[in-house]
């Protein structure tokens, strides 16, 4: 992997979510959506370090993780459009989708709830000796949820091959993390579990890959869990429709100067710029094709509504 | 306060629980009981630093806290005997009793659950400007419960006048704390909440009083919560009837050499020894009188069973 | 005096009343203070009452509900907000083992005068983790009061009743009703908790409903009237205290009972109403009791599937027709 | 082959069977491995199967139930133990928003084959926080299977059924039954989950019970027989899947229904049985349905008070007498 591949994946995530926003505005997405605009470098850098068979668990803000893990674009659009997608048949929508075929344990719309579940995937890996690791992403605010605490300690004490990525976008919904904890960095909690913690620039896929890679290697060799805190910023609201009146003037504009795609663009020489333009065009076409394909899928058949509650 | 007072209180707690054990053996106590034999120096040292109006919250292993807070002996015996006690009318028994009259928010038999409740008492103190502090005791194992994590962070971020005393008796039921966390001391979690943490000898009431006193002063002046980890040992089983086959040979015998009452006895010159003997005799008489008084109380009237569900 | 307000504005008005008239109230939850709440329920309150009275908490539902309990026991009258009723499950111990039990276990020596506000139910495209209607869990927990306002006026009156109550009260609003508008009696005296209400009289069948299903039942009653079926609609309002007398009196008149709620059928609170009727109204019942509820499936997100799950007026109409034998 | 075992030994035998015959099983909970469980349910298992298969967890019910879910989704078949059913409330989100929903929300692409074992009910002197009978909370949660064994044989058979099931199953045992002894068919084939059982035939009234109340119902039936009242006793065994057919067939024969459980009356699962009867057995019912349950109070600790709360055979006798009009 290298810059063009990372760029392509980040651009795909961005384009996907921009298109999603337009679809939402047009009334084609019934539920609410939580975008990772600006945070793309985290899933892209992190998933670069994973193999097939490694499980990934995310939050409602998990579209980037799904795409970085190779989940199908059409399936994602269709799922959010409430269509009979190959992912979850429209039953999960934006905040709770998953894809066993891509080892994507899935999103979770209960804050913090993904961490115990990811610990479970790590337990399977450990007990079966599969050599797989389990990576889970949560937000900064989720660190204050009891579930996260319990699961981290469990993973530590059982030496589970778990990597916890905390995407610190400095907000939980409309509240600033500095008002929610009395530490500067959330990794200051890592020593309390006896696990390593590292803070990285979450807008730099290489920095993320380096730190997550180290954690993954550690997990894979049986040395237990780690925490990687990736500092980043939301370019958009918490959810579709968030007016963001709580954000100080200029904050978003400043974030737009620092976000991962812009950074690469800024640093690009003319040759690379041309290559990136080409990627943008390809990604746009790909995304548009997925929208078209998704639109062609039927809505789920109400007659099936009682299926799959039980085996 | 000084040694004789501390000794008296610790002896009272010890004697109370020894008598309780005998009553349990005789079938006069219907439910299970969790004794603090060996841990008496913690409530005694800690409560020495409190004033009237300061709230105390404990666990099912809370008899010592109740007594150190001045809860009536007869009431305690009666409550555990399932009699119509002045405390809780026999409704709470050993693990869930409380006494508003002594600012004893009470015990809690859900592990960790006392900490949020104690944070609430601290909130009241803070919002009403009463100057009171709220002290809560939990066990070492409770530190892994989500509730404790959530409440500690809440207290920290709200600067609540809360003191958390962790009675580290190195076991949670039949499991060793070293198998349950990857830290040596539970105070290693304190920095993760941005609060001070101190480890003290929990078998020395003066050491406990010094550390808790500091935490109480800090809380009272509005500087927020602290954690005091008091190292101690159980001289008895987790509950009445625990055979303790899980404890290594010699452990209990060794603990009996280090426990707070024995320590004082060992250090006592002949004059003090005579004084302590006198205290023992007084305490024994006091306890016996309380048993007699408790036995004279009626069992609660079944006709009242539906009272007090609602106001 | 009556003002025309949206349901969510009525909530806001009740909270304003609470903070304004009772010094012992404090309000907390996630994003409630500076941001004014995700649905605007607390808009303007922080500006008016300041951080001492209303503040934001970390994402720690169990922690802050336990804190509400401790505060209530020691002299405050906290109102705590659970953003979605679904999140009450991470804090369920607070409801079942703490808030509801302390008064009883202390022989009445402690009180827990607190309110937990939440909003519940499905909305288009929301997933299973944001669509629960958990009232049956609370109503099966002795020691809690449980109210589900169906109108803007009740959103106002019942929340005030909850704040005034010396017992712990769960107020579960219906997110889908937030935009609905209606007259609110802003100067009405504060009522005690409890009391069902016949919101439409009728003679052929009693339809008992609560929360969002009250309007569905009224809608159904309108349609049924056109077919010559006279349905009496009872808004149960409070599951605890349960005003079964109003239900029984209605069934005594109509001889038929349909219960409608959005929660899943099995073990829903409709079962309790039907069971009480099977015991206490046995002699009056002229037809099998019918229940209208979501089938026993988690809520799917896709609207086409939701339409097959979420009970609406048409389901009430069908159940009534069956019950009256048409 | 049938062995005489105590209830708790039957649990141990079923767990031994599970770990022995299914390589994908793992067992965890608090104090279950080295110490052998607070009630001895896992005695000897750690010695025999080692730490890879059975291990102790920190006091983190929500964490380890979520871990059970993740493990089940990815290939293991975990059996997790909640020491007292009361502690399931600190982990309720796992039951309601996680374990029960993943299969449905993934359109059947994930499975969650796991078992949560717990024990429930009052015992003399135990406080409100150690006496819950929470089956109604679970039974109102679609996606879960819920079984409550009433005998040593069922403690063995139903736990094995649970382990074999590809759905998540809650097995709630009754602590008070642990010392009871009975024949256990240790070589019986593993049954699928579900199925009620008529444990005593009768003609005048149907008594539906589960868990500890089955023996109370049988006891009552014995006493009633002396008065010339013939009570049929149905052990419901599983609340999900619910075998209402067996109940309905019995009520069709007897025309009368009494439901008995230890949980609090209001919103207890008895309401569901009564409600189903009020709908599906309406034509057969010749008397009001009666429910025997704890009144709506938290469990007091004092035995004299407990005696006024905990339903026993005498309460069943009284309810039957009322129902048959004597």
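By letter and in written order, the chains are A, B, C and D; residue numbering begins at 1 in each of them.
Basically, a residue touches a chain if its C-beta (ideal position, glycine included) is under 8 Å from a C-beta of that chain, and two chains touch if they have at least 3 such contacts.
Everything numeric in this text was worked out from a predicted model, so none of it was measured.
Shared contact partners of chain A and chain B, listed by label, are C, D.
Centres computed as Cα averages put chain A at a distance of 35 Å from chain C.
Here the CA centre of chain A is 40 Å from the CA centre of chain D.
Separating the centre of chain C from that of chain D, both taken as means of CA atoms, is a distance of 30 Å. Each of residues 58, 60, 62-63, 86, 90, 93, 97, 101, 104-105, 127-129, 142-143, 296-298, 300-301 in chain D touches at least two other chains. Multi-chain contact residues of chain A (touching two or more other chains) are listed as 89, 91-92, 96, 108, 110, 113, 144-147, 149-150, 153, 157, 179-181, 309.
In terms of inter-chain touching, the protein chains here all touch one another pairwise. Residue ranges on chain A touching chain C, taken from their complex, read 29-32, 82-84, 89-96, 108-113, 141-142, 144-147, 172-175, 179-181, 246, 299-306, 309.
Within the complex formed with chain A, the residues of chain C that make contact are 30-31, 34-35, 38, 56, 58-60, 62-63, 86-87, 90, 123-130, 295-298, 300-305, 307-309.
Interface residues of chain D, counted against chain A in their complex, comprise 26, 52, 55, 57-58, 60-76, 78, 93-94, 97-98, 101-111, 142-143, 145, 165-167, 241. If you check the complex, the residues on chain B that touch chain A are 144-147, 149-150, 153, 156-157, 179-183, 188-195, 224. Within the complex formed with chain D, the chain A residues making contact are 55, 57, 87-89, 91-92, 96, 98-101, 105-106, 108, 110, 113, 115-125, 127-128, 134, 146-147, 149-151, 153-154, 157-158, 307-311.
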